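Would you mind keeping the following structure in view while I ask a few things?
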Amino acid sequence: MSAPRFSANINTFNACADRYVLSGYGQRLGTDELIQAATQVPGLTGVEVVGMWHVNDGNVEQIRRQITDAGFEVTCVTPDIWASSKWGWGSFSSNDPAIRKAAVQEVKKSMEWAKQLDCKVVDLWFGQDGFDYPFQADFLSAWDRLIEGTIECAEHLPEVNLVIEYKPKEPRTHCFIATVGKTSLFLDRVNKPNVGAMIDVGHALMAYENAAESAALLQYFGNKLFYMHFNDNWRLWDDDMTVGSIHTVEMLELLYWLDRMNYTGWYALDIFPYRENGIRAASESIAWIQGLHNLLDRIGRDRIAQVIASGDAMDASAMLRGALLG
Amino acid sequence: MSAPRFSANINTFNACADRYVLSGYGQRLGTDELIQAATQVPGLTGVEVVGMWHVNDGNVEQIRRQITDAGFEVTCVTPDIWASSKWGWGSFSSNDPAIRKAAVQEVKKSMEWAKQLDCKVVDLWFGQDGFDYPFQADFLSAWDRLIEGTIECAEHLPEVNLVIEYKPKEPRTHCFIATVGKTSLFLDRVNKPNVGAMIDVGHALMAYENAAESAALLQYFGNKLFYMHFNDNWRLWDDDMTVGSIHTVEMLELLYWLDRMNYTGWYALDIFPYRENGIRAASESIAWIQGLHNLLDRIGRDRIAQVIASGDAMDASAMLRGALLG
Amino acid sequence: MSAPRFSANINTFNACADRYVLSGYGQRLGTDELIQAATQVPGLTGVEVVGMWHVNDGNVEQIRRQITDAGFEVTCVTPDIWASSKWGWGSFSSNDPAIRKAAVQEVKKSMEWAKQLDCKVVDLWFGQDGFDYPFQADFLSAWDRLIEGTIECAEHLPEVNLVIEYKPKEPRTHCFIATVGKTSLFLDRVNKPNVGAMIDVGHALMAYENAAESAALLQYFGNKLFYMHFNDNWRLWDDDMTVGSIHTVEMLELLYWLDRMNYTGWYALDIFPYRENGIRAASESIAWIQGLHNLLDRIGRDRIAQVIASGDAMDASAMLRGALLG
Amino acid sequence: MSAPRFSANINTFNACADRYVLSGYGQRLGTDELIQAATQVPGLTGVEVVGMWHVNDGNVEQIRRQITDAGFEVTCVTPDIWASSKWGWGSFSSNDPAIRKAAVQEVKKSMEWAKQLDCKVVDLWFGQDGFDYPFQADFLSAWDRLIEGTIECAEHLPEVNLVIEYKPKEPRTHCFIATVGKTSLFLDRVNKPNVGAMIDVGHALMAYENAAESAALLQYFGNKLFYMHFNDNWRLWDDDMTVGSIHTVEMLELLYWLDRMNYTGWYALDIFPYRENGIRAASESIAWIQGLHNLLDRIGRDRIAQVIASGDAMDASAMLRGALLG
């Protein structure tokens, strides 16, 4: 069992906006400043970047040097197929073949940048691929197109992993790849060794999933959990809060199962510290994960396994109570 | 496209209880009276029965005659693996091998009764197979056992279909087979031609699924939608209300896609008319489904297909408005 | 019972943005163009404007003329105390006295503009007044400040009505004035004749309220329902969809009770047609409200009253089915 | 600040049933055995009883002696106006005047028993007063009747306190007295010194309330928080789990505010340990509350007050992390 390695999207340190405060609650920074900010987070050794926002054909080598010089690995490149109006009616699943093609192209470019950045992971978040209203979606062609596009990308660079990041909703009221189960169905149909899943903890909470269970299933049925996004919320929306804010016990259960299922990927933060300082928000999140992880060691993995095997909820309660409250 | 055929569990006509009013809000009836009540529901041509509640080794032939004489087909036999305290910690996935064996045996018996009743469908609802508290479940052994038990049953009588009825929660706070996606994963691992899925509309609503999409996916990826349970709710809980109470438009979309995907199974009611007369509740539900189905004809299936293909939500709105409000 | 009069915020016709697509899905228009767009919506006779966005000290007379010339009344002026980062930690309830003072000043200005625009209503939506994290809020000082600020504004121009627009969350994970009940508590403490409530249908749905019940209570206990915002959603989030998309029956119940409780205010739209044409979205919404309102007439208000008085849900079902499906 | 005093309904130790397992998951016990079971829970010094279930005109003196001899105070008597089919269409708000009268009578009797048992609190939970379907409820007469009945009871024995226990839903899909805000409106209209509120933590969670805020508001605006019911859930349903299962941080915030607002009532458990041993479930719940309460002392109330006053969520995070994880 190796120690967790922590990453964060460098945009964590930028001003966060919502649909009311479009210019953001904090200060807009350039990529240089974002990387600089990342260096101030204790324990952070990886960073994520977004295609076209932070990295492009012209600057990839320079970004590689900057990030390496700052002491980081690049852990994930996320293609932007959801943040401009042209993707608003879908990316891979758009009714417009030109948009579909452009989206696939965007992903391929991110895969190439990932390779150049010695990064193994490209994040496929199909946030705009879904529907808002009843009688608006042709589910069949949507799934066909999502599968086809993903296969085409997977074959483009087999040495780069694509991770499917599911989410029940937002920005669409319904996203097609919504839950861990649908992700599993999707991975089966894509059927490529370099296509796996990412769990964003907040997305799992929104879907009334126990993220520990979701992680366990993805690993158990094919070792398909390639990456993790950490954050917290109040369960009903993707509030993207710092880790440890709300769900103490569930987070502990997730961390336990990640180790038990031999998850060896990054522990990446995906938080939106709208009104908080990004450096503090990332630092707190890492400190919470680290602290909870240490707590598991103090309790003892064998003892936890025994309690789980017994299925005795009051034994679990007493174990957790002792660990958290002394 | 054939006309929907309607069924209802004969228990629809019995007193419904909840955790406060354990003796039920209405009058307790015997099986004879329940069958008699069913005959008073216009349009009803099928009935469901529950193993051991209504049918057993001793009465199966008599029940067959009674139901046939009353003019009904038996559309589903549901084994009771969730309604007594012995199943409280799980049926197929119980930690106790004797309970697992008993549960499998219960299902096999229901399959045999189904066969004797000329019924093709046995409903596997794993309501008690899940967990209530964190650190209480071993997800891996649970899934293994659910898969194994289902395979054993499927092989017992290949001519009888088993339908997996998923539900996010209740009676456990988390059920293992919770969503359409997890059902799909489960069916893949079981991999038997006589094991498919049932969608209970209320369970899909609770899971923030669009039931139309869930139905379409199950049919598209393997023709695995074998059966349907109809009801309605306020989206957050399995209120088991009559069809048409709340979700007019979504129900319409579901009915459209069932036809489009060539669903030929029964339209069965699974309602809990706690404070309503069961005969009226069933009659209303059928009349709503029939009325919505007719409305689809009046709109025209081709026109609907065009609106969906366009992805234009305001065209959909205008189409529905014209149909519903004139 | 008078016919509904329809209004819409002129921003309905502008590009809608979310936290991902900050530049919006559509085209950004100027105030002139927005007013022009409004004239293309059948049945629209009122418009809402936002303070500082559309109206200010320099242009109020010109805006008055433009809007009047276009054939509209101004039905509501909404002060912007939630759309720039300076309000991010609260407006009336901010810990910073300078921000509190500025927010009160902003509202007073909007009241003055309202008066100059012959508009009776100013909308107090305390979207930023709440909290995101546990242990972050002093509820007592927050409520004190909200009450004090509202009283100060109410006394500033007693001939202009302030309407409290409650919402459970967003942009904060928890807003202080969250539900119809808290609104009622707030109005009691403010205790000013020119301070009442607005119901935004989507906010009520998010709060698991029956909007009909919320409207009835506000009217019954003090005639405090001064204004209505119409839209629809999938119940769990403020999706700001067009009216009629999802909740056919509940919308009908709301419209019935508005008439029954002698609501005489405007029927204003508050929708976010992210990916739809704003003119069509507003037109559809009005046509749905009008169509549902007509349906109530066709059913007959007396018959509805009788069904409600009986408490018989199946009578209600049959009545609605007949009306909607013929 | 006094130490919390703990109570539990003696039914905690009885078999819990749900709508599937009507005979319950455990063993049915008599009142004697339930009281005996209560003595085995460390820290428990109070018990609740239910009218007619445990106490009646014939046995009240004997029950008083039994409970006193066992070392307990009676902290609450709950009239049963929700657990038999006759209350199914409402108690105080029923359309049937005979039922209304019977319900009021039931409450008065419980008040008398409470007085004889030296108990100050009678719990008014209007679980059956609400509606299930649209167009089923006359909200106005319902509120009138609830208010009238409560006033009549309040005047019956002014020395006994009535506590309104709000809940959004279940057993009705919508209860009239649903939230803390509606409770406040209700208390204002009833306007009796011996009528206050109870917060059931799980009901507050279901309503997306922060229970700490709800408690603070009830105390701040009239010292109306008379009683507390503790339990936990997964936020979307009244799962009635043991304290500490899920919401560690929110429970801590609630306990802090109860002390800060000088709440001096009982800390009563209202849990449904369906599949758990009741004695262990109660013991765990008390140990969690006690442990969290001690943690507040260790952190220091002044420090907490400072963090709250600052509104700094990351300071709050660090404070909690240090306290829970060391």
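By written order: A, B, C and D. Residues from 1 in each chain.
Keep in mind that, in the parts below, contacts are C-beta pairs under 8 Å (C-beta built on N, C-alpha and C of every residue); 3 or more make two chains touch, one makes a residue touch a chain.
A quick note: this is a predicted structure, and the numbers were derived from the prediction, not measured.
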Centroid comparison with chain B (C-alpha atoms), farthest chain: C
Centroid spacing, where centroids are CA-atom means, of chain B and chain D in whole angstrom: 36
Rounded Å distance between chain A and chain D, as computed from the means of their C-alpha atoms: 40
Junction residues of chain B - those touching two or more other chains: 89, 132-134, 169, 174, 208, 234, 236, 242, 245-246, 249-250, 275, 313, 317, 320
Touch-based graph of the chains, sorted into line, ring, star, complete or other: complete
Residues of chain D that touch chain B when the two form their complex: 15-26, 82-85, 87-89, 127, 132-134, 169-171, 173-174, 233-234, 236-237, 239, 241-242, 245-246, 272, 274-275
Interfacial residue positions of chain A with respect to chain D in the complex: 208, 234-236, 242, 244-250, 275-277, 280-281, 284, 287-288, 291-292, 294-295, 313-314, 317-318, 320-321, 324-326
Touch list for chain B against partner chain A, complex: 89, 95, 131-140, 143, 168-169, 174, 178-185, 188-189, 207-210, 212-213, 216-217, 220-221, 249-250, 252-253, 256-257, 304, 307-313, 316-317, 319-320
